[in-house]
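Same chain, two partners: chain A is paired with chain B first, then with chain C.
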Partner chain A sequence: MKLTKTILASTALTAVASMASAEAHMANEMTIVSWGGAYSNSQQQAYHNPYMEMTGVEIINDESSAEAVAKLRAMNEAGNVTWDVVDVVASDAIRLCDEGLAMEIDPDEMLADAPDGTSAEDDFGDLLVSDCFIPQIVYSTTFGYRTDMVGDTPPTSVCAVFDTETYPGKRALEKRPINNMEWALLCDGVAKEDVYDVLETEEGQQQALDKLDTIKDDVIWWSAGADTPQLLADGEIVMGSTYNGRLFSLIEEQDQPVGMLWDAQVFDLDGWIIPAGLSDERKARALDYIKFATDTQRLADQAKYISYGPARKSSAPLVGKHAELGIEMAPHMPTDPENAKNTFLYNYEFWADYRDDIDAKFQAWLAQ
Partner chain B sequence: MAALTPISRTPVSFYVPVVAAAGAFAGLFVGTAQGSGLLGIVVGAIAMGALAYVLTQIIKSETPSRWGTVVLLAVVGYFLGGLPAMVIGGIFGWLFAWFSFWLYEGRYRAKVPPYLTPMQVLWHFTFRVICGAILVFLITPILVVMPLSFNAENFFTFTPEMLRFDPAGYSLKHYRDFFSSSDWQNALRNSVMIAPVATLLSVSFGTLAAIGLSQPHVPFRRAIMAVLISPMIVPLIISAAGMYFFYSRIGLQGTYLGVVLAHAALGIPFVIITVTATLVGFDRSLTRAAANMGANPVTTFFRVQMPLILPGVISGGLFAFITSFDEVVVVLFVGSAGQKTLPWQMFTGLREQISPTILAVATILVIISICLLTTVELLRRRSERLRGMSPG
Partner chain C sequence: MSDVTDATTANQAPTPDDAARLADSKKAGPVLAADGTPLKRSLNRALRRQKLRALMLVAPLLIFVLLTFIAPIADMLFRSVENQIVSETLPRTTDLLGDWDADAGALPEAPVYKALYEDIFIAQERKEHTRLGSRLNYELTGVSSLFRKSGRKVEDMGEVYQDQFEDLDEFWEKGENWNQMMGSDDWLADHAAWNEDSGDRQPRFELRDDIAELLPETAAKYEIFANFVQVEDEDNLYTEDPWAVVYSALYDDLTGPNAAQIANYSGFGADKLQAAAAAVSEFETVDFAAAFEDIDKDWSSMDVWQTIQMYSPKYTSGYFLNAVDMQKTPDGPALRDENERIYGTLFMRTMFMSLMITGSCILLGYPVGWILANLPARTANLLMILVLLPFWTSLLVRTSAWKVMLQQQGVINDTLVWLGVVADDSRLALINNQTGTIIAMTHILLPFMILPLYSVMQTIPPTYLRAAKSLGATNWTAFWRVYFPQSVPGIGAGSILVFILSIGYYITPEIVGGTTGTFISNRIAYHISSSLNWGLAAALGTILLAVVLGLYWAYDKIVGIDNVKLG
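Our next item is the complex of A and B:
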């Protein structure tokens, strides 16, 4: 008898207590979704901590950006959107915007002006690639190589990836066609400005896959940004593509014998969206946070913790030294003139139109 | 068991090829590590075959041969790969010297029945080797994780310092990271808050269901049982997606209570199964005797039935606890970031940033699991002993 009563009582108590605490928290709490790891840490330091101190709002981190599109769809279907601000790459933002899952933003009205009075719209410029997207950083996908495995001739061109004679060993490439197809064509003699014209055609796609086929046996395919740094640290691969911030951390923070190959790096954007269908109170809080977190100083602050370039023009001169290592961050930015001699910008329009088609071909080729 | 079969020495044409074959097998691994698997096979076969011949035909005396081989192979190992290879070489030396004499003296026949044919003897030992290989296959991944969790680097890599057994290559920093990082501590707190409550609910409901379903007069017993067991059979991702939409509608998604209920639903089948199994050995005449003496059903349950089926209840509860403690799919759907549990944190950690902190946590969880499973096993033995004693 006593046991049942205790069990019932304790269950009821915990249930009530948890519901009560959930209620109490809801009022002044927001869930921000991001990618985790060093990237989330940089946001925590540059945006979340000062914002929480300033406003008393409690920020909960959810590291679900990788499946943000699928989860937002499910939340929308279930009528229960639990996220307030979501960090996504630009192509995901475009998709979410098209599907009506993200809120449209008026930059001049909702975002802070630059310190010199330039409007937000002009300050972000071309990087506002979608009506729902507030850019935050410019990052690039590029190659790192083991300095002790390439002999006396460190690679200077992206085509070293396809040159298994000079640089024997495994390479790591991302398990998707984007970027790999462009690099393959570039190294198969296609001029940079013609890459997307060629890739639109069946023959062009086949040409790219044929070029990739020449190194297929030497490729380890990665799907998480942390894979390549791990493989490089292990000496399992001689070179591999990943995000430039990961390589920075590997080289400067972890002190591994790895060099950067900036040639033909592909720029991409990462930034915020606010999910559609939030209550007015939550929407107001999300907008307030966004306005704070994307102002000129905050974007420059983030570059103290990770080597991604701020998306505002006005932030660039404010980029300083790394918060712990004390090294100048500007030369490690993908946008630094020295690094950006030969670059691509992720072609949002092209991949929006051709992604499904080329993805299918790429996956079929992988499975062969 | 005493020696069943008189043993005699075997001919050279038998044991040298067998030892050579074993040497080829070991050589495959050593050779692959040194760069050429094929060369390893050949060298391994020749070296070990010759070794067996020299030990048994030329040196003959067993004890010095064994120690000599250990030293010899340890030295070879040291030149091939330093200190760790020396240890491995020593172990190989001990193994091969023992193996040579074991075959040469015919000791392998001593403990098998005398009427077995050579093929049956062969199968007798092949079977044991296969069992051992499966065990190694299952355990190795776990054993690799443990030393790596003491890595001084931030990668899943055996550094040269670690392989030299240099203390500088080892550190407790990933354990420190686990105990000092607020992310991991929140996750641990959530897991510790969710699992016991979910277990409590699973045990209460599961035990009641098992007792009810063991009554012969309950209609549709099999159908009800099937429904209750279904969370164990339905793919987890399907339960999770279903729970997500259902809990969203009724406002439980993203709450502590929601995760607890979801985990309780997953734990109930384990409790039902273990308790039903214990009830099979339970003597119903005991409850009738209690009723005869004036005890009401509730008193009978707590005073008579419960103590007897307690081992089943506890082992079911432990399974339910481990289910909740290790579960990642359902909590990803039903929970929100505020209910991030340890497995969830490990999952995101693995995907976004491969840090050995995960290995440190894994090691801690493995140790907890071993403790829990040992408890289950001890309880099971106790229950078996009790059942053996109970009448009927």
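Our next item is the complex of A and C:
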């Protein structure tokens, strides 16, 4: 009897103690989800380290951004969200917001103003594409080509991708319709401003697929961002699309004979969301982190480590030199005027509607 | 070794079952046990106790497997038919749409649009309308943005009524007045006694009975509103003003069939209510159909309404139809357009390539198993390590290594060019196609073939071969007539393992398969993690599971599952 009581009492005590320590634990620990590799490293240097130093919070990194939407949905259904801040691309943020899986953010209230007093909402401007999304960087999907495989006429237009006469060899394109359909239409004579009007129609979609069909045998389809740089480095392909930061590190850090083709690059955004359903304590911590990590200086700092453009207008003048290579970063930014002569902005609204439909056709076409 | 051969020939030890069978076979009069009960019953009882004890022994594992394996799979598969989201988000609309006949060619009537307004209004407060939009967008392109847009604008739609009531009398502006009018006496007393800062739970709103009878629509909407404020927002109901949809419901009630009884009402705010009842006839009204058309012309398109109607039921065959390249249409299931069919091809390809992989594993694994089984134990063990080595290397590393080997500027092509076997400008395409998948997966799955083959071959006495030869058989005859039949159970076990593993393989085809070497599992993964169409993924998974079970059954019929041995 006595023994039972002792056991019960000690169990209860341990339970209470562990609960108390869990409470204290929460506030001092957060899990941040991102993409891994050089990108996570840039965030570690620019955001995590200074924040940990400042507050003593322990930040745990999770590299699950690629499956963030599916995993957040599963966590939400299980009623146990273990992530505090998640780095996702804008289209995923829109979907998370649609599904009620991300918290709505009021930029003016929750984010830091620019140093000159401009409100956060104005500073981010049009880049606030969703109520739940706090933009961080502007990146672009664009082409790189082997300088030693294009002869004396390096490509200057995106249509070189469809020109297998002048530029023989394989090309790498992403295994999804987004971006490829736009480029195909553009190179099939559709004016830039009409691209999405055309793509809305069945005929337009067929037209884009027909254009892609002309190079189908010459294409290696990639699904991971690291594929194209590897294929370029191995000389497997003459040109290929990928994220501009990957090409930067291939060219500047690994010194490969590769050139950038900025023409018709497609801008996209990457940023933070805070999952819905966090406890008040964790939510407060996440908001505090976000406010710090998306202020003007921090966004500019990140550009020291990776060639993605900061999402705040006020950060642009503060972009300096690469932390290790010591080269000026501004000319390598996708938003640099020299690079941004002809650009697309990922059409979130359009692809949210047409993604499933066009993807089905695209995949059926691929499988033929 | 001996137990394998003996099991079929030797006498089996007597078991309790034998006695039961014996007792059963004796037709003439029941055999009695010592205590006088029939032997059969007494034996059965003893057996049952034994079985129960055995069941208790395995119970922990059984429960573990049920909870962590069977239940999640069953839950996932259930999603392939589940479709509650439409009727839960748009309960009033789907209810009214049940009677709508699309074939008549006319859009739904005005009440449907009003129900849609109420549904979308409540859904957007709960932030559920965009989820429904994503769900229906799988079936009809454009619904996603239609719902997002409508959710943003629906708030203004009913404000016409709210403004008019509030202009009429300030009384209608205050949440407090609404509470007094709608709440039951008990609740009002509880709420008055409740101290907001005490940390106690806010007393849950309760409707007053007579008002629910008098103003049924308003009461229903107000209850939803009160519930939302108290439970989901956790705000004090006294400080919140009602939603616009409550005012439009009040307008409906005041102009509805109960309007005459309002004069008899004597509860809180009776004079205000009666004044409002007198004034509503002068109110400006809202044409919801036109208002929705204003938001987006898609609301006057038959397609949208037909889709909502088609997907109103709680369970749908839509996902399964999609999974076999068909679609739901108003006229019943129909094949998709040629340029959208993909799953049939993928299922066939998955089957075909899994068979190819199994075949090449048998071809490569059989000689290795033979050598392993016939070498002296020490050498065999050393070689065994080589077979097992790949198990200790990460799957991704092995697959990526094949990339380096097989690509056009890779090791194999370079060697062939150097040897002069192929010309430099016509290097072989060994990767990003079916060849790549078959090569890489054969390599990865080979140990699963070799191991069962080896353990079966080890049990075949070498003396059988010697005996056959001493009786005059050639090497080939001895192998084919004597050795091979005894190794068939190993081939069976290895084939089942390799085939079932490869049919669900995902990561290797994704990396080396290009476009022609990918499996159905790659599509399932896409729908799970990218398109978030879990229903379709579940349907595809269910079909895959059914196909595998079907093949397993066929295998059992043809080869016999008893002939499969893992050792």
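Basically, the second predicted complex is superposed on the first by the 341 of 368 C-alpha atoms of A that agree within 3 Å, B and C clash if a C-alpha of one lies under 4 Å from a C-alpha of the other, contacts with A are read in each partner's own complex, and residues count from 1 in each chain.
FYI, a contact is a pair of C-beta atoms (placed from the backbone, for glycine too) under 8 Å apart; a residue touches a chain by one contact, two chains touch by 3 or more.
Model, not experiment: these values are computed from the prediction.
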Touching partner for A:A38 - first (chain B), second (chain C), both, neither: first
Chain B versus chain C as contact partner of A:G79, first or second or both or neither: first
Touched partner set for A:D152, first chain B, second chain C, both or neither: neither
Touched partner set for A:A226, first chain B, second chain C, both or neither: first
Which of chain B and chain C A:D116 touches, first, second, both or neither: neither
Touched partner set for A:D234, first chain B, second chain C, both or neither: both
First (chain B), second (chain C), both or neither touched by A:E338: neither
Touching both chain B and chain C, residues of chain A: 66, 234
Partner chain A, residues of chain B touching it in the complex: 153-157, 183, 197, 200-201, 204, 241, 244-245, 248-249, 253-257, 260, 298-299, 302, 336-338, 340, 348-354
Contact set on chain A toward chain B in their complex: 1, 3-4, 7, 10-11, 14-15, 18-19, 21-22, 25, 31, 33, 35-39, 60-64, 66, 74-75, 77-80, 82, 224-227, 229-230, 233-234, 254
Parts of chain C lying in touch with chain A, wherever the complex brings them together: 127-128, 130-131, 133-134, 137-138, 141-145, 148, 339-342, 345-346, 407-410, 432, 510, 514-516, 523, 528-533
List of chain A residues in touch with chain C within their complex: 66-67, 69-70, 73, 95, 97-100, 170, 175, 206, 209, 220-221, 223, 234-236, 349, 352-357, 359-361, 363-367
